[in-house]
Each structure stands twice: as C-alpha cells, then as structure tokens.
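Letters are used for the chains, namely A, B, C and D, taken in the order the chains are written, and counting of residues starts over at 1 for each.
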Amino acid sequence: MRTIKRDAPILLEVNNLSTDFLVAGQEPAHALVDINFRLREGEVLGIVGESGCGKTTLMLSLMRLLPANGRITSGQINFMNNDLLDLSEREMGDVRWKNIAMIFQGAMNALNPVHTVGRQIAEAIIQHNYITDKKAVTDRVVELLELVGIGAERKDQYPHQYSGGMRQRAMIAMALACNPQVVIADEPTTALDVMIQAQILELLGTLRDKLGLSILFVTHDLGVVAEMCDTVLVMYGGVTAEYANVDTIFNAPQHPYTQELLRAFPDLTKPMEKLISIPGYPPRLNALPAGCRFAPRCPHAFGRCHVEAPPLHGVQDRHFASCHLVEPESNISPETPEFPGKSNEL
Amino acid sequence: MRQSRYLLKKIGWALLTVLIVILLNFFLFRILPGDPARAGIRDPRLTQDAVAAIRERFGLDKPVINCFESLNPVKFGSCGVNPLDTQLFIYVGNLLQGELGISYHTNRPVLDMLKEQLWNTVLLIGAAQILAIFFGMGLGILAAWRARTTIDYTALLASLTFWSLPTFWLGIILLFWGSNQFGLPTGGKATPGGNFATVWQEWADVGRHLLLPTLTYTIVFLGEYMLIMRSTLLDVLSEDYILTAKAKGLRTVQILKDHALQNAMLPMVTIIALNLGFTVAGAIQIETVFSWPGLGGAIFEAVGRKDYPMLQGAFLLIAVSVIFANLIADLLYSYLDPRVQAG
Amino acid sequence: MSDTAVSTTSIRGFWRSFRRSRMGLIGLFMFLVVVLMAVFAPAIAPYDPKEVVRVTIDDIYAAPSAEHWLGTDDAGRDVLSNFIYGSRVSLIVGFFASFISIFIGSFVGIVAGFYGGRAENILMRFTDIMLVIPDLPLAVVIVALTKPSLWNIIFVIGALGWTGSARLVRSQTLAVKQRKFVLRARSIGAGNMHIIRYHILPMVLPLIVVNTVLVISLAILNESTLSFLGLSDPTALSWGQMLNFAFTRGAMSARAWWALVMPGLGIVWAVLACTLLGQGLEQVLNPRLETHHLAVGVQMVDRGAEVQA
Amino acid sequence: MKKIVLKLWLFLWIAGLLVACGGGETDSADTDSSESADTSSETADSSDAEASSSDEPVVLRVGWAGSPDTLNPGTAVLTEAYTIFEVVYDSMYQLELDGTYSLELADSLDVSEDGLVYTYHIRDGITFHDGEPLTAEDVAFSYNLYASQEDFPFLPVYTEFFDTVEADDGNNLIITLTDAIPNIQSQLIYLYVLPEHIWGGLEGAAVAEFENEAMIGSGPFKMVEYAQNEFVRLEGVKDHYLQGPTIDEVVFQTFENQDALVQALRTGQVDMITEMPNTAVVSLRNEENIELVSGPPLAPSVTDIIFNQTAPENCPPDDGLCTGHPALQDRNVRLALAHATDKQQIIDVVLLGLGAPGLTLIPDSLGVFYNDSLEDYAYDSTLANQILDDAGYLDSDGDGIREMPDGSNPLNLRMNWPSDSTNAPRMAELLAGMWGEIGVGTQLQALDPDALTATCCPTFDFDVILWGWGSDPDPNFLLSVMLTDEIPTGNSETGYSNPTYDALYLQQAVELDQQARIDTIWEMQRIVHEDVVYIIPFYEQSVQAFRTDRFTGWQTDAGKIALEDPSSLLVVEPVR
C-alpha cells in the first residue's frame, strides 16, 4: 500500500454539502446532510456504503448532475479554490470532464449504443477544445485506448462489440480524454466478473500512479477499498458515518455501522463464503428515523440514539465518526478549524 | 457478411409475406358473394349469353382451384382439371406479368386506374405525413424535454385529442370552415379546365385544393407521432449515456441532437412504416370528404360498388407497399442501430 | 419495474398511486360520465328514440330550441336523446370489441411468449402478417359475408384489433417467464397450465387491463369508420351511425351542424376518456418518473432553502 | 328467343344509381335562340373563378356526386355516363323533356304498311368532331355493332327485333324488324351513333375494353379532357347541325361528398348542381343568388314496398324457398297495410316533401302511360284495423301483435332493404311504427345488395323488401315484372300471378295503336292496384340548383327537370 503525502495540496474540498430531493406534495427528502471531505492531489478517496446511502447522489452533486427534483441546499464544493456551486451552468459544463471526469457504473448503458467508441471519446476531446486538429484527435483517441489496453483497430467498433471489461476500459479511456485532475469512479467494477474486476482495478491503480490522478472511488465493496484507497468516507442514510484513512477504518473502526460493514465483509481469502449481511434495511429517505439514522439497526443503540442525531465527532487526527458512543477529542485537525462543523441535527 | 445475411433474411421474409398476401387476397375475394354479372351491373334481365360472356371476360368461367368450381357458394368440381386452367393460376400468372385484372365497374385495367390514383394519394399522404412527422416529432421532443411542465401537458392533451378525432368528421368540419372563411375549394385536385398563365399558378391552384385535406390528415396523424416521440424520447433521455454525455460537458441541444434523437428515431422508423397501412383508412375518409381523386376515394367507391378486381388490386398494392416500407424500415433500422446487424 | 405491480394489488394502494396521475383522474371522470350516461339513458334522455313520433317537415333538422336542446336530426328526432342513447351502442361496441381483441391478443401473446419455439414463431409471423395487411379488406369481406348487425360489427372490429395486444402481452410474458418465482414453480414440477394460470396471468393481467382501455378507444373510432363506409348496422344508432346519417343525409348542407358536431364530440369525449384513463393506469402499473437527465427542474443549486425543513 | 319483349331496362336499386338518362335537345325546326350564338363574346360574371376579359372562354361548371363509369357506350351503366353520351353523341331520336320523341340524326322516316321496315333518311352534311362525315353507313355500323357484340351486356337487347340493318346509297338507313313493335323510338334512343372509322378497327374483346376517352361523336359538345372520378371537360360545337350551344365549355366536376357539392355551389365554385341531399333544400332556398328547381326526374325511377305473396303452386321449383308470411297472400292483409301506410309522412321525413304519393309501379314520369285516374287507399289506421279484425287476424295472446285467423303464426314481418340505401332505413323505421299501430310487427334488417338479391328472387325468402326500379321511358319492362312467367326468372319480386294481367301484357306488347296501348296499360295498372301487389310509397322528385348570378336561361318549366340535359345546356347564357 502506498501512502500519499499528508500535506499534498488539496484539490477538492467539500464543506457541509446537503442535497434534498423534492417530491410533489411532500416534505423534501434530505438525501445528503452536511457532507465534508478533502481530496488531495494523488489521493484515492473511497466512498463506501450500502445502496441507497447517498453515494451516487454525492457524486452527482459534485458534478451538479442531479435529476430534476434534486437540489443542493447548502455547502461548498471548492475545486482548486473555486466554489463549483457558484458557477453558471455553462461554466460548470466546461469544468465537467475537463477537470472532473466520471467513470459510470455499468458501462454498457453509459456508452451510447449507436455511436462508435472512438467517436464517443473524441466527442469529449473536441467539446473541451483539448485538441482541435482532427488528425490529432484521432491520435489521442488511439493513444487513450492503448493506454487502457485496447487495440487501436477497435476504435471504430460499437459498444455492443466490446466485452464487459473492455467497455469499462473504454469508459476509463474516455474519462482520461482531457487529462482531468479528478476522476470520479462510480462503482466501476460492479457487474463484472472477478477476473475482470481485478484487471480493471489494476488498470486504475496503474493510471493513478502514472498520471498522478486523484480519484473519488465509490463502491460498496470493502475489498476494493482496501486495495485501492488512501482514505475512506463511510456513508449511511445520507450522512457521514465515519471518515478516516484506510488503515484506521479497517483496524480501528469507531462507528458501529463501519464495524458491522467490516463484519459483513467476506474474507478475501475465501471469496465463496456466504456473505453475512447486516440485519435490517437502510432507511428510506422519506421515512427517516428521528435520531441517529442507524439507530434502528444498531446493536449498541441506546435511548439517546433514538431522539438525538449524533454530530460528527473528531476521534483523533483525521478520523471522524458520528456516533454518541464516540467521545469528542479536543484536538481537531489543525488545518480544518471548522471541521467537523455544525452538528448533524435533524 | 453478417449484414448481407441479415439483409437476405429480411428480403426473403418480405417476399414470403407478399406471397401469403397474394394468396389471401385471391381467396378472400373468391369467398365473397357476387360477381360482375350481379355485383357491378345488377340486372337480372341480362340474357344468359350476356352473363356467360361477362363471366368469361372476367375469367370466372374457370374453376377457382382444383376440385372447387367456386367458393361462394361452395361448389365442388372436378379434381382432374388442368391446374394451369384454374382462376388461381391465371391470377398469379397475370400478376407475374404485371396485370391486375379488369375493373368490374369501369371495364378498365385495374393497373391503369391504380397508376392514375396512386400519385394523387402519394402527393396527399406524402405532404401530410411529412408535416405530421415533422410537427409531431417536434412537439414530442419539446414535450419530452420539458417533461412534466405545462408545455408538456398541453402538448400531450392536444395530441391525445387529435388522436381521438374521427377523421371524416374533422374533415367535414374543416371543409366548411375553410370554404366559408377562406373560400378554399371544397373538392377536387385542381380547378378543371382552369386557365393558368404559368406553371406556378397551376401549382398554386393544386396547393389550394391540397390545403384542407392535408391539414386534416396532418392533425389526425400528428398526435400519434407526438405521443410516440415523446414516450421514446423520455426513455432515451433516462438512459445512462445521456448522463454520460452531460457529464462530458456537452450542451443540452448537442445531447438532444447527437445522442437522443438518433436513438429515439429507431422506434419511430418502425412506426412510420407500419403506419402506412393505417394511413389507408385515413385516406379513404379524407379523399372521400374532399373528393380527392386518389386511391382512398377509389377504394371507397369500389367497396360500395363491389368492384372486386379494383379492391383486390388496391389492397395488393397497399399490402406490398407496407411490406416494402417495413423492409426499408428494417434496413434503415440496421443502419441506425449498429446492434441489429449482430443480432 | 414489475415489482410495483405487486404493491398495486390492493385496491387502496392502487387508488393511491392512480390518484397521483392528474390525466388519469380526468380520464376516469370523463369515462364515468359516459358510462353513467349510457346506464341511465332512459332517465336522462328527454325522448325515447325508439318511440314512434309523428313529425312534419319542420321537425327535420330543426334548430336547437327549448323543446329540443340540441335540435333534431334528419328524421326529426331529438339529437340529445339520440346522443344519450347512442352512448350505449358506442360503449357496447367499444367494450365487447375490445374484449374480443384482448382475448385473442392475450391468448396469442401468452401462448407465443410462454411456449416459445415453433409455436411462437408461427404465431408471431402470423401476427406480423396481420399487422401488414390493411384491416379494411378483411372488414369488407366479413361484413359482406354476414348481415350488417351490431354484433357482426363488434366481431369484425374485435377480430381485427388484436395484433398490438398480442405483441405487448408476448413481451410481458417473456419477461415474467424469466422471473424467479416462475422458475421456482417450474422446478417444483408445476404444470404449464398451472404456471400460466397462477403465475403468468396475474402478472400479465394489469398490462392487459391497461391495454383493454386503450383498445376500447380504438374500437369506438373504428366503429365510426365502418359506419362511414356504410358497413355498419343502420338500426343500431351509435354515435358513428348518427354521424353517418348526418353525413349521407346532408346535415351540413342543411346548416344543421348540431346533428354532425354532437356525435363527433361524443366520440372524441369517449376516446379521449379512454386514452387518458389508459395513461393514468399505465402510470400506476409501470410508473415512469416522467423525468430524465435533461429535464429542467427546480434550480439545482439553491443554498439557503434548507431552512424549510 | 322465347322471352317476351327484351329491352334494356336498366334496373337499379333505390340507393345510388339512377340510370339511363334519356333527354333531348330541342327540335331543329323551332330553335328559338339561334341568334344567341355570338354571346360567347359576352363576358361571364366575374364574381369568382371566371375571369372577366372578353377573350376568356365562357365555362359553365356543373357539380355532380358521381362520375361516368366508362365512356364506352357499350358497357356504361351510370347516369353520369349517359349524360355525357347524350351531349357528345347523337342518336336517331331525341327524348324531349315533355316525354315525346323527335327525330335527331334523320330528317324523315318511312314506315312500311306492316310496320316491319323503317327507312330513316339521315341528314346530309353531318360531321363527327374530327371532321369526318357521318353517314347512314356509320349508323348501320353502330347498330350492327351493338347487335353483335356479346361483351356489351345490355345493348343487344335493344336490337332484339332487328332482322337486318343496312345503309343504302341515298344516305338512308333501313331497319327490318322481325316483329312489329309499338315502341321503336325508345329502342333507338340509347343506340348512340359511333364513328366507323374509329370503332371499325376494333375486334373481339377490344371493343368492350375500348376506353374511348377521346370520344369522337357528333353531338353539340365535344370531348376536351377527361379525368376519371375528377371531371369531364367538354367544348361547345358552335356550328352543330341542329343547334350549337352558347357557352364555350362545360365542365362536369365530381364531388364524392354531397355536402361538399352543396358547399361548392354556395361558394360559387360550380354554377349548378344536379344531385344533392333533400335536406339541403330548405337552406338553399334562402340563399341569395341560388335558385332551386324540382320536378319529375328525366330518368324515371320508382320505389316500391314489396310483399312476398308467392302462392305455393307458383314457387320456383329450382331456386324457390318461398318462406313468405302466409298472411301476405291474403289481399285483406296487404290492403290493411296499405291503409296503415301514411305516404305523406314518409314523403315528409324521407324526402322532405320532395316527392309525390306513389300509386302504381308505373311512375308519373312515364307521362301518358301513368294511370292517374286510380284512387289511392287512404291512410286510415282505424279502417286498417277493421279490415284485419273482419278477416279474422286477431291479437289472441294480447302481445300487441296479431296472429293468423287460426291463432298461429303472429304477423311478424321481416323487413329488408339494401344496405347502401340512405333513404330506406328511415322509411323502414317509419313503416315499423305505422304498421305497429295495426298490430303488425316488423323485424328490420339491412342487407348487402347481393345478399338481398339472393334473398329476394327467385328465392322468395323474405316477407317485405324496400327496393326500387329504374325505368326506360317505355313502361314495357316495369309491366313485365308482375308476370307469372317472370316468377322463376328472378324478375318478379312479389310472386304475383294473374292470368288476366298476363294476357293484357301480351296484348299491349304488340298493340301498334298508341291510344289502345295506353288504355290496356292503364287497365293493367288498375288490376295490380286493386290486388295491392305493391305499396308504392312515393315518386321521388329530382332536385337541382343553380346560381342565378352566373348563367340564365335554364329550362325549368318543362315536364321534367334535368338542367344538365342538352335542352338546358344549349340555351343557357352567361349573365351580363
């Protein structure tokens, strides 16, 4: 495992990001509440949680690609010291892909079936005037495909002519088209078989090292996290459960949810073993419990948990957890005086 | 390789369908009661000789097929007939030579009549379909893009209402409205014997005659195209690749143009081709209401007069056109959707 | 998607989701109006259309008056009463013809989808051919072979309108067939008929219901077309037949717009009711967000709005 | 040829097709408007499509609901075709609007003593539209063509009594008959004279399939342009040997939709319309610049209510089912039904008053042959009920429907009509109501015309049919319909049989004295009326309308109404 410099420059800083979904005739659903994190140059931040915990909403909020009923109600997304939330839609369009690119889950559907892969990659390059010369665009496409291990001759093929793994590689190539600073990878290995998964992860790892990418890695697979990430943000029901570096998360998890997740996580050496899952279901956004969102499933829950939502406590340096069981430390990370910010009330 | 096999398969299937349609067409009209001696002319005072002569002229003196003298009433005959000397064989043989028989009503070759009327209908349907597709799709795109807004609901309601209109009823109402308000002609394709200084004036005259029927037609079909376009575009716009395109920083119009429309056109192509068959019912009503000298009006008249050769020819023409249009649609589909060739 | 079908099995749940579709509600309202009008026709209609009336020339195409709110028709009969009673015939045609269509269509669709193989091949090829052949020659043939009566018309419309349903039901059957509980049922040795009866049909039924509503509207429209062609039964006074009388007996020439406009509006009303209702039902059974990646919604970044909660 | 007198009587169903338009141009001798020949230089009214400059041709536009089926006189059926033939071709006789005949192509006629040899002297100097002369040779050629062409379905019957037809050197046409007949005029009016130099080259099937779109004739108008189902455009022959038209052109335009036709007249798109729904009459009457005329139609037609009264012994052995209700064989029942039928009500509702109460199968438009001396059965339902009561048809089970005198077989009558008729359904409803008042039930059912033919005759598988006939100007065919001999042929619709009537028919067929023949025919009508063989509800009137701001001089005061007939087309002139 590789470590990044503690004080590498911060590329992306998310402060108190909250997102609502509006449903006609109902109270808005709070899909994200006060999310905070930092992404440094070259860092791989894993975002972990069950489906429906708000991972994807977080990614879409960062890109400002929320569906029509989504609304970002507070916070900042500081990218290289600009708040993306202050940009106009047009300016945001320029940031997308050029600075922050995204690898979607399920590349079959994320690629347009009626255009060739090459064309779809070239499209991004041309859009951002990364290269204007036609010939050069083609060369760049070939270069990108080769970078991810796809032969140049396949650039004129259609997505359906690619295998699942190849499509994901093509997706990665596309994401790299404009040399972005940040790549958001939204479950890039779901729906791929184990062998291919491993190949894709290896590819991402290589690219990170080679290109010095910062990656936001969204997954529900802790094995992948262990392999890929430097830091981990565990989400539950739209709030941060725990945020720390990967070793801390795996070795000294503070939040009961993280602990449960790790227990549910099958031993990598015995992949065929039955998956122990956490009893119960994640909360529905339109029926959130009153106190801690995890309380109904929490083995350690006590009275206060059901009435009062716990704020994000600093456990120690760069380790935060939102649980009443975690006593707040006095020395909060010096570089983020306001962090963890205001309490997580609901 | 794959593509040509796909093509061959489609063409083969189309030919088979044509064959089935020919047979169906033949037998359907043999099951019907009435022949020219009764249906077209309806005069029992015809001499026996005259009736025999008419039947002979229309080839009805021959057995329908082996073992069957006639199908209505069912009359069994000799099974030892030379199969080449049956109505079926003669019919198919004539078809192969491009002959569709002689109209009971006008005594003219059906093919000649169809040729005259076809172009008028093509002009009318063509103009109207282009307009309907253009405006229907435009409205559908607008509605889908602005889904769940007032624009969407208005367009949706309007389209559903258009779809619900009985064609001939709308035609009559527009006819009276147009002729009273704007003095538009109430029927025909052009002013007969009109003196036109230039070709343009002549075309303008045809245009004036074409206006109301085209409008009727367009309104009736516009709704359907709008609904289909809206619904397929909604599906397409919910696809992940649209999100990808947006994430790539493409502008909305670009996404619509490059990523949504081509995909949404796939079902449209099929629907437009299939619709060709349904346009016939519309053509019958509109051409009758506006006395437009086309295929539809001719079918309406042939139904009333029991002019079976004419009906037979018209329906064969329509069925073959629809099959052909579907073939084109399939090929176009394979062009628009690269996935098809593999499948 | 089809999981939601389970949640709609209870009437209340169904109603709750249906209520959300405004179009569906409007459609339901319009539909109920027609049905009530048809059911209570004798109570609503000011005159009995079957009653023998002595009319004079002045009664023919008489303009609307206190006595005849919507004027009279070419036989001097009250248009309003004919209109009200006409809803019965039109609805009967609509209902029964669509039942026939749906029955044939569902049968073909389920058999083709469930059994697959050669049966599917033959049935779907047949459906394709039917789809390609214009309906009209068949209508002409069947009507010419039989007496023009209401039931024959219903039969003709029903027998010609099933192709769309067949394709729809088939694809739904194909989807349901792959579902776990069907595979499970098969693995415990359930027979084909049992699976169709207890597993396939209940899952396909909601779709069939929606389709029925839409086919009703088609049937009503088709009946008016057949009436226009003079192929319908003149003694059964449907809206289509009223139109036909108005058309062939020169209502517009007589400036008697009411005799033509009313039945036409009736058809539009009923057909629109069915399509709207169908839209509403579809929204319940197959809820689509009706939103998409390019949808223009609320302002996406609206910091400060949070205090709402 | 055992058949009685074979004539072309195009017989047609009520609904659409009125056939065989006769008609004539005025006699050459007393042309009254010959000096108007130069009015063509006068300007037409400029209100609409017509341009006003003086060198513009004067075009009269006629709107009609149909279109000629074919321009080949040998195979044409529809009225519209005959209208065109009438103005483009000439024939030996012209039928005037008052029902009389005048010579057209010939200027004189000699008939032999025995009535077997007719010698017509063809006028000299007649030319076809292409400039070729028309001589007795052409006439002889035409008649022989009609007689010999077996693919011409109707016309051979007109030549049934021709033994030989020849032309001599003196431009005479000599027709030798096999039997003396009283009505050679009506035999010849539809035998249009065709140019031998065009038709002579055709052989076999080509004759019947000849489309004849160039239509070279010798009449007052010549063919310019023809588009089937669209229009017929004719040009006036100003130097016609009898009388040339004033107008330069006439255009017959087809409107398949009658409402559109009426609207076209209203908006001035056409100057005159020949077919329109009666319901349009009231509103057109109030219209400015439009005049409406009605009267007996040029082509006679009759609507009949047919009772199946076939006696068992007359049932055709081969085809007959004879399922008619037994009560209908009783004159009392038919009489009661006649008394229960309010003809004026039917005329008011079905025809909007545009008809005359019917009396016998021979319509009033047959002029002298029509027996108007008969007294009709008055509408009187009390009397009708009385008749049925007296005859023993009582409602024994109290269900409102009478039964046979023996208590069986309720008087429930099947009533059928052709499904393409627009009037019949309304008439059926009315009859059902009227007959219901005297305890006679009805089951209404429209039938496809072919199915109706199959039910009707000679199957006799019906009770009551509402149907109709078209007729030649001569009553011979309509009279033959009620002959005993016609029961198995399918021409008799009623199965009526009366030896006295049969004998009288044979008598009139050979009666050369016009008045004696008329007397016989009147007597025949009296017998049939007495026996209540049919109920004739009405004689329909022809309604036509024209714009008064465009053309004047229409013939509206003749015995019959046919504005599209040459009688009118030749004399109308544009309004100045």
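General remarks:
FYI, contacts are C-beta pairs under 8 Å (C-beta built on N, C-alpha and C of every residue); 3 or more make two chains touch, one makes a residue touch a chain.
These figures come from a predicted structure and were not determined experimentally.
Taking the CA centroid of subunit B as reference, the farthest chain centroid is that of A. Distance from per-chain Cα centroids to the pooled protein Cα centroid is smallest for B. In this assembly, the C-alpha centroid of subunit B lies 38 Å from the C-alpha centroid of subunit D. A separation of 90 Å divides the Cα centre of subunit A from that of subunit D. Separation between the centroids of subunit A and subunit C, computed from CA atoms only, is 49 Å.
Subunit B has its Cα centroid 55 Å from the Cα centroid of subunit A. Residue numbers of subunit A whose C-beta contacts span two or more other chains: 65, 68. With touch defined as above, residues shared between interfaces to two or more other chains in subunit B number as follows: 33-34, 148, 172, 176, 239, 243, 246, 288, 300, 304, 306. In subunit C, 144, 230-231, 247, 252, 289, 291-293, 295-296 are the positions where the chain touches two or more neighbouring chains simultaneously. Listing the residues of subunit A that touch subunit B in their complex gives 63, 65, 68, 93-98, 101-102, 104, 106, 109-115, 123-124, 127-128, 158, 160-161, 174.
Subunit B meets subunit C in the complex at residues 17, 20-21, 24-25, 28-29, 31-34, 144-149, 153, 156-157, 160-161, 163-170, 172-173, 176, 234, 237-239, 242-243, 246, 252, 255-256, 260, 274, 277-278, 280-281, 284-285, 288, 299-300, 303-304, 306, 311, 315, 318-319, 322-323, 326. Contact residues on subunit D toward subunit B in their complex (touch as defined above): 3, 6, 8-13, 16, 49, 51, 56-57, 59, 61, 69-70, 72, 75, 77, 150-154, 156-157, 205, 208-209, 211, 224-225, 227-231, 233, 249, 251, 253-257, 259-261, 263-264, 266-267, 269, 420, 448-451, 453-454, 457, 477, 489-491. Across the complex, subunit C is touched by residues 257-259, 262-263, 276-280, 282-284, 345, 348-349, 352-353, 419-420, 422, 425-426, 428-429, 433-434, 436-437, 444-448, 450-451 of subunit D. By the touch criterion stated above, subunit C contacts subunit D in their complex at residues 52, 54-57, 60-61, 74-76, 143-144, 147-149, 230-231, 233-235, 245, 247-256.
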